[in-house]
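Some structures to go through are shown next.
Look at the two complexes coming up: chain A is in both, with chain B in one and chain C in the other.
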Partner chain A sequence: MIKSVYINGIAAISPQNTFEGDDFFSAPISFDDNYLLVQDADYKKYINPVQIRRMSRILKISYSTARKAIEDAGVVSLDAIITGSGYGCIDDTEKFLLSMLHQNEQMLNPTAFMQSTHNSVSGIVALNMKCNSYNFTYVHRGLSFESSMIDAMIHIQEGMKNILVGGFEENSKNHYQVTNKISFWKKNNINSLELLADNNIGTIAGEGANFFVISGEKNEHTYASILDIAMLYKPTSDEEVSKAIQDLLAKNNLTTDDVDVYLTGLNGDNTLDSTYYNMAEKLFASKSMLYFKHLCGEYYTAPSFGLWVASMILKKQMIPDILYCKKQATNSVKYILLHNHYRNINHGFCLLKHE
Partner chain B sequence: MEDLKTKLKEQLIEALNLEGMKPEEIDNAAPLFGEGLGLDSIDALELIVLLEKNYNIRIEDPKDGRKVFHSIDTMAEFIQSKQLSA
Partner chain C sequence: MSSKVYITGIGAITAIGNNAKENFDSLVHKKHGLTHTRFLNTIHKEIFPVCEINLTNDALASMLGIENKQGYTRTALLGMIAVKEAIEDAGIAWKENTLEKKYKTALINSTTVGGMRHTEEIYLDLLEKESQPETNSYIDTHDLGECTERIADYFGVKSYITTISTACSSSANAIMLGVRLIQQGIVDRAICGGVDSLSKFTINGFNTLMILDKEHCRPFDNTRVGLNLGEGAGYVILESEKIVQEENKKPSCFVSGFANTNDAFHQTASSPNGDGAFMAMSQALAMAHLEPKDISYINVHGTATPNNDLSEGRAMERLFGTDDAPKFSSTKPYTGHTLAACGGIEAVYGVMAIENGVIYPSLNFNEKMEELTIQPETETLTGVEVNHVLSNSFGFGGNNSTVIISKVK
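After this line comes the complex of A and B, so read on.
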């Protein structure tokens, strides 16, 4: 029999006030330069002063988020640490590569090099938590987070008790400028909270760290259970996406009628969003359709922010108005389908249940 | 010499990311490693890069590093002696 997998602790550092307190988008923050940065936390509360000066921005953000998720779950030890990131510590990678270029491969600073790896985050969490067991980082572009979550769910089936899973990404000016040349981002600055009103190519760049402690046991900390996760690579038609969703639901003895909320990765790019609208129309016509990238921006592991949003909705049984793309009356939210795709290449689906 | 020490302290704060620290808070004679600023071996590598990048001075013998990087005073004296002999 397949064991249920529960989300028992969560934490997010994002462009919104998601880290401290229990706020759930009561006062969403808007950005008007298509380049969203996180709201910095008081990192010194989580990182000792000797370590903090050598940590890059993404390390501080991710490590603090990881510690908060562990605290939230009330666990003292972890059986595994699994993270996902498309670009890892890109800012340090760029620093290191640029200094190689500018200094003719001489006089290279060791710190930026040491921190430029994708697994720096899971390594630092492991060192500080004294967790010598399984430690893995998935670098699978738009499916990096989903891959890490699937790995964690398999380990729960095999008997592990508490696993830290996280997705993280940082914005960097170099990356922004390069990808801007291939129309990843909107040409005109828009108000981020009005993302869907701009019917043009491109989206807004974002960043964040979102961590979860998952377990095979439900307790007083539980936010939701994860029933299943599926991935789809380069679908050739919307019918293929529709079939993947229906197959996922059928595998879990559910139909589209059972889903209360269709939570999407709509990002305001008029060349990429049609699949979500088609699924909403064909499969979830009478259901609420939500989105979250106007709050966090687009990045490889943005679905981890989507999972944070879904966890909060299921625990609080409340949907903030800012999340609605299409609103339908619902008494309670039992099942959420989280669907995100990265440039219509990597599709990820996560089916969640209220506990 | 005092100008060089102040400049050196500013470069050290930037290179080692000593957040919130000001040049006047670093005692010129205090040890940089162990006690004092509490720097470690990775910082030593950063200091080697700092000397080479900013002063074009290379530490050839690792044994010299111990003496040179003892304090701001010793670093400044070393830089000055190299500049005079160049």
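After this line comes the complex of A and C, so read on.
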């Protein structure tokens, strides 16, 4: 990327108290059933009573988060709305699918079908904000959010001013049950805040909506800048991952020494986490290693929660203890490398800078 | 628009043909693909006709030389067949991992329901029964990105892989993203398009919205009542000026303009005056530095729902006028509405219209819409100088996309 972009507004509805106020994990919430749900916000503040009755849970969550991010950035109009989600509105998809199967394709209600499309969220934001501009939804598994942010960054290069970018995902009991058959989740219930203590296969399921307003210009709202984002598909070795990280840094005239914090997508699955530990050891031995999935759970667009965490760290210049996997003394945090991977298939890297 | 991005290969599979050439022959000979489903076990089997590809998953897999098809969805297989044709049409060597040897390549795929066709068959078993290896192999194929990765792995694409889902405008958006990634120098080449296979989920979904026609659909006809669903895949290969020069290629077409706008009117319906469509078409023309009169042919979205055709038709009249508006037709009666795939398939049709100097006929048009003056072309026109094709794709969520394909002079 030629020009960095600024994160000028953020909002997150997550299993933690991230939405209202300015709290930054002062009292982390734990879950004990491997199934994390968001802390509901007062959706009525953002959605009118007529609309709210028809909206699905994920639409309410995502729409409110989007509005809050826009408010936080203090912008009145958007040049583009870009969302990312691996499963989209899975609850409505399952609802429609199950009624279809149980009712033998009869007497079906269109609402669930209408809201099941992956672009429902970007559509509803455009609709309610009367935003006629560029509207896009990426649905590529663990790279849904990264794809969205790269698109937004290209648009800033091309001249757009303010862009809404968000990642969202919802948990569903049926989906949890089905994916449990292929060992996605831990067999024993654990305390979510002790995610890394359980050295077994599987992780914990999570959800959330994390939205950002990005811009080509810095202002008093700015949290941080994104220097660059890279994606890596199916690396065959950790060397390939390490090379991708070094290439990304080199492209931005930086080295691993410049990175103050290695923020990872560690998820407690002992078949998947070793790459992060290897990178920490080989590239960032003297740096702090952080993680966030004990707070939000695993989901396709969890890196968007990682970006929210990184934005807060850079703005507040403070790292809550709950985030540390490995703590090293740091005076100030100038550069953060956010690294997340989905099942070692999709790797995403985001390089952030303090402003 | 900055540097030119060329279309150097095309591939399509639909109910009217297993490759681009077969599709072309069907279009010019007015052969449609409407039938009753042979493969889907739905109670609507005899009620709603569909445009289904008459090949089993086994047959599709064997066309690709895949021996063990376990875990391959129909969506992935259809996508692979059309991508294979497009890659080979572009003269790109791909076997033994050679695809990215010289040029960084992106695969930008799109779909609306991905692996749903398999999910709906096994879902109750998954919820109610003990694990079975066969059903388990489809669990992680439900999401929309999985088919993209199957395609990427088969051909050895690695540099940039993503999937778009903006309902029925998805693959038009895949094409515009491909152009932008090439112009920004992020990749040299992009395989762009989309795929969807028929599923009970979509048939029932569109049925609840009451926009399926029990008869053959009639785009832009006054008596139209709805659409026919179809399945298929369509892809184009986009390459940079650098590749075209270095490889001494002689492409016939390039992407001259595009736009993506949002109607911001209703979750699933288009605005009656076609504001989003009007903006998409005008912005695409502006990017291409073209006047409305320069357009030789419009491949309309033309689903034959009362709402789409009125909205799109009004937008066209606002932009092109009523007197000498460009010739237009909808190819939906041939292929059915292939959802995420239609923008890719219709881009392939656009390229073939330019290469062959042909304008395809709309089917089933008898009575002009009372709200409009313009009407679709109903006979195959040959020997036409087709310089610029404008292709529309609109979808749920207010998504409106237009792509303009132009002849290389």
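Structure notes:
FYI, the second predicted complex is superposed on the first by the 354 of 355 C-alpha atoms of A that agree within 3 Å, B and C clash if a C-alpha of one lies under 4 Å from a C-alpha of the other, contacts with A are read in each partner's own complex, and residues count from 1 in each chain.
Operating definition for what follows: a contact is a pair of C-beta atoms (placed from the backbone, for glycine too) under 8 Å apart; a residue touches a chain by one contact, two chains touch by 3 or more.
These figures come from a predicted structure and were not determined experimentally.
Steric overlap between chain B and chain C is absent once the structures are superposed on chain A; the two fit side by side.
Across the overlaid pair of complexes, the angle with its corner at the CA centre of chain A and arms to chain B and chain C is 70°, in steps of 10.
Once the two complexes are overlaid on the shared chain, A:E105 sits against chain C while remaining clear of chain B. With both structures placed on the common chain, the touch criterion links A:M114 to chain B and to chain C. A simple residue count on chain A separates chain B from chain C, and the partner touching more is C. Contact with neither chain B nor chain C is seen for A:S4 once the two complexes are overlaid on the shared chain. When both complexes are overlaid on chain A, the residue A:F96 reaches chain C alone and has no touch with chain B. Of the two partner chains, chain B is the only one touched by A:V50; chain C is not. Here chain B and chain C sit at a least CA-CA distance of 8 Å once the structures share a frame through chain A. Residues 106, 108-110, 114 of chain A contact both chain B in one complex and chain C in the other. Within the complex, the chain C residues that touch chain A are 42-44, 112, 116, 119-120, 123-124, 126-127, 131, 136, 139-140, 143-146, 148-149, 152-153, 158-167, 173, 177, 180-181, 184, 186, 200-201, 204-205, 207-209, 260-268, 275-276, 279, 395-399. If you check the complex, the residues on chain A that touch chain C are 81, 86-88, 96-98, 100-101, 104-106, 108-110, 113-120, 122-124, 126-127, 129-141, 143-144, 147, 150-151, 154, 157-158, 174, 177-179, 181-182, 231, 233-234, 300, 345.
Contact residues on chain A toward chain B in their complex (touch as defined above): 50, 52-54, 103, 106-111, 114. By the touch criterion stated above, chain B contacts chain A in their complex at residues 15-19, 38, 42, 45-46, 49, 52-53.
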